[in-house]
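Next, two complexes with chain A in common: one pairs it with chain B, the other with chain C.
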Partner chain A sequence: MKNLFRELIHYLDVTAHVIKMAVMTVIEYPSNIAGWLISNPLQFIMGFAIIKFVVESFGQINGWTYGQLAFLYGLSVISHALSMIFFVQGWFMGYYVIEGEFDRYLTRPLGVLYQFFFTNINIFGVTDLIPGILVFLYGCVKCGVSVNLTFLVQVMITLIGATLIRGGIYILLGSTSFYTRSAVDFGQYTQEIMDKTTMYPLSMYPESIQFILTYLIPVGWISFYPAASMLGTEGVRSGLTVSLVTLGVGIAVILIAGAFFNRGLKQYESAGN
Partner chain B sequence: MKKYLYVIKTQIIKSMTYEFNVYGNIIMQTIIMITSAYFWRALYKGQGMVGDVDAESMLTYVVLSSVLSVLLITNVERRIEKSVEKGTVATDLMKPINLFGVYFAEDIGAVIALVFQNMLPILIIGSLMIRVPVMADVHDLPLFLISVIESFLINWLIAALFGMIAFTAVNIDALIQVKKHLLRLLSGSIIPVWFFPAGVARVLESLPFVYIYQLPLSIYIGRGTRAEHLRQMGIQSIWLVILAAAFLIAQKKAAGKVMVQGG
Partner chain C sequence: MIDVKNLSKDYVLKRKEPGLRGAIKGLFRPDHRIVPAVRDISFHIDPGEIVGFIGPNGAGKSTTIKMMSGILTPTGGSVLIAGRDITKHRKEVVRNIGVVFGQRSQLNWDLRLGESFELLKHIYQIRQEDYDRTLDEMDRILGIGEIIDKPVRQMSLGQRVKGDLVASMIHSPNVLFLDEPTIGLDVSAKYALRKFIKEINRVRKTTVILTTHDLGDIQELCERIIIINHGQIVEDGNLSQIVDRIAPYKTLVVEYYDEFAPEHDRCEMTEHKGNVARYRFMKKDLTAAEVIADLSKKKTIKDISIEEAGIDDIIKIAYES
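Let's turn to the complex of A and B:
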């Protein structure tokens, strides 16, 4: 027990150092920061403006009004940003496998999965976080959400769960590189598919797709079910139930992904011969 | 000319070697195409014509936009960035062949390979799962083809101009992303500009982006009269000339700058 505690303290200590280092690397290239500061918010603010235009032309999407869509979109972008900060490495796992970069992690006395994700914390993810929060707040105001303790707890639990679901999916997809030995860049496509399935109401898809996105690839829990529950649309249960399910799904996905990663790592043979 | 044909040939062979990437791309693009089809179906539920277009034409638009997006993949900006970063640009410039001619030939080669690897499969999948994209008026076919060629050139020139920023800035990853998002949102590739507020739409119609996706696609689905299409193709041609001129000027300047950097 005492050992476990000491180990945990050690990991936290390393994490603090790593975050400090990440901030320092970012500050080193100011021109790059400027680029990402423009690029990331632009993407979401424009994406959101376009939803506004379309929804105003048509009135609603599948019964969801513009304000409700802003709420859904904001929730989705915030969890996207959090997953970008902690789990974006999953997108590039293929390169690490091909280039033999895991050698470095294997020689250190810390968990490989922990090192892989946390020594590469992506501070730039904050540039996604800001537009996400803005759109979410806008959605809350538009829908007249009453902010009370339950709501805040719901949002927090949902965001943790949603981030874990996204991160788990990145790890799962990235870990396929251990088996295929190819450096497919999943990032761009994963993001586009995630955007399409988490930023619009899931109920607009036919039932077969809804089933897949609820039970097999549980992206429905990232934003759709929690948002529906908090806003009281689509007849989804209100209260903490849905948020807790999201958290549960998130933990399950990340555990499966971790196991898959560790299994893949055994197949890892480094680069060269 | 023969030199460039050789580059095209090598690029085609190069593109053919990465099989797994091809299947991955097809699957991903199919998913994206189908989800956008459901997006439009949900919007059009219980509505007839919105923005002078009915649900059927919009689905044709979605399928064709996915098909067209395969043709409009450029690599020139990353190619420039890489060769500046690694310094190979200096030796590339010494070769008795125009640097940008090579980049253009490479992109042509990649696109030829993609026509068979991605475009045809996506067209077939789209026809089976969403809707057979029938042209509204077959007589517009020549117009459509010309506008597609022009849109390909405009798209490539914009990419090349962006890529040239790398000669001075070296790292343009973030800029490439900015360009990508701007292009996707302002060209009507996902959502046609005619759904935007009138003022915004008018501004966008004076920029070159809508002439990359939206013009060929509106000709295809028959939105607007032929006179309108011809007028818009006129604007498209003007943009092509402007961008080509900008490209030629920038090319001269950029080449000079690289020489200086090399010492």
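Let's turn to the complex of A and C:
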């Protein structure tokens, strides 16, 4: 127990230092900040504008009103932003495998996955966070959500779970490179699929697809089920239950992904000089 | 310090047939072939030794050193560092090793060099006074004081390698692994690197394991060499003893005033071109002075030189075996 606590302090200390270095790196290239600050929020605001156009043309999407869609959309973008901050490196895992970049992590006394994600922490992801929060708050106001403690806890737990689900999926996809020994840039495709399945009501898809996205690739838990239960849009309100399921699914996905990664790492071949 | 027992590593190679047809065939019926890179090697390294691994490209040197430093998981056998298995207790054992891999850097490209050291200080949980002492010592050996505030991306290769050497020693490991550290370096950077290795070995008694293609590195640094070829140890031992055993001869190069060169009954004439002849003799049977004396009785000698069998001959012989 004492050792576990000491290890936790060690990881927290390194994390704090790594974030400090990430901020320093950002300051080193100030022109990048401006670019990211403009392009990233714009991307999501445009996406939201499209939803607004669709809703205004057709009234609703599958029974979800404009405010409810904003709530769902915002919730999805926030967990997307968090996963971009902590897990975006997973998109490039294949290159690390092929180029032998895991060598340095393996020779240091910390977990390899931890180092892989946290020494490459992407604080630019914050630029996605801002539009996410804005749209989410807008949705809250439109739907007349009462912001109390239960609601905040629900949102927090959901976001942690949702970020873990996204991160776990990136790890699972990235780890395939250990077996195929090729680098596939899956980032764009995954984001497309995740956007389409988490920013709109899942109930608008055929049941077979709903089944897949609930149990096999559990992206439904990222934002659809939590939002539906918080707003009661699908006829069920469930307090904390759905958020806790999201957290549970997130932990399960990340554990499975970690095991798959570690198994792959044993087959890691580095790269010749 | 290091015990390597029956260490093996197999790679799985996907064989691909040429053309579109081959590609499609490979897609449905992949042809996997297991290629042994390292086959059942064992050796022991004592604390404070400097050991050079040499061998041709693809012989298994890098694979061996990468298994010893915990990067690759062995197919069979074990690597013990200070009695602990590095594959089973990676996080604990790597606290005791430092690693510098030639063309690969562990430094943060965007920030000043000192920031990379600061990160390692946190990663290895080094106390401030130990950290300061190590950096002072490294500054004395390598003179890094002048580059510590420079962004790594602006450094020359030589400066970057210095930075990587210091980074590998920040946590004062007992064992240092260097995989082709002098590759691409100019003469002065090579000199600085060799001086560094000698110093940390002398002062800190650090055990050093390096692979290299540079004969100068070996002659300057290594008392012991391990020659690897086809994934197996061809030679393991004291450098000068190996030279004496594999190449127990010298070559006398004699230049005459014309093209006739006399034979010597206890030497082998290995070459005769124009006015120059080369006589190879066994060191234990003859001295160069005797050979010169015998030859000058037969014919007037214009000029002579003596060639020692060197490390490059050893390598050539070992590689061809």
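We take it that the second predicted complex is superposed on the first by the 271 of 273 C-alpha atoms of A that agree within 3 Å, B and C clash if a C-alpha of one lies under 4 Å from a C-alpha of the other, contacts with A are read in each partner's own complex, and residues count from 1 in each chain.
Here is the rule we go by: contacts are C-beta pairs under 8 Å (C-beta built on N, C-alpha and C of every residue); 3 or more make two chains touch, one makes a residue touch a chain.
The structure displayed is predicted, hence computed values, not measured ones.
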{"item": "Clash-or-fit label for the pair chain B, chain C on chain A", "value": "fit"}
{"item": "Which superposed partner A:13 touches (first chain B, second chain C, both, neither)", "value": "second"}
{"item": "Chain B versus chain C as contact partner of A:103, first or second or both or neither", "value": "second"}
{"item": "Touched partner set for A:43, first chain B, second chain C, both or neither", "value": "first"}
{"item": "Vertex chain A, arms to chain B and chain C (CA centres, degrees, nearest 10)", "value": "90"}
{"item": "Partner chain in contact with A:25 - chain B first, chain C second, else both or neither", "value": "second"}
{"item": "Touching partner for A:263 - first (chain B), second (chain C), both, neither", "value": "neither"}
{"item": "CA minimum distance (chain B, chain C), superposed complexes, angstrom", "value": "8"}
{"item": "Common ground on chain A, meaning residues reached by chain C in one complex and by chain B in the other", "value": "29"}
{"item": "Residues of chain A defined as touching chain B within the complex", "value": "29, 31-32, 34-36, 38-40, 42-43, 46-47, 50, 53-54, 57-58, 61-62, 180, 182, 184, 189, 192-193, 196-197, 200-201, 204-206, 209"}
{"item": "Sites on chain B touched by chain A in the complex", "value": "18, 20-21, 24-25, 28, 31-32, 35-36, 38-39, 41-45, 47, 50-51, 169, 171-175, 177-178, 181-182, 185, 190-191, 195-197, 200"}
{"item": "Residues on chain C engaged by chain A in the complex (per definition of touch)", "value": "11, 14, 62, 66, 69-73, 90-92, 94-95, 97, 99, 101-104, 106, 108, 110-111, 115, 118-119, 122-125, 151, 179-180, 183"}
{"item": "Touching residues on chain A, where the partner in the complex is chain C", "value": "10, 13-14, 17-18, 21, 24-25, 28-29, 100-104, 106-111, 119, 181, 265-270, 272-273"}
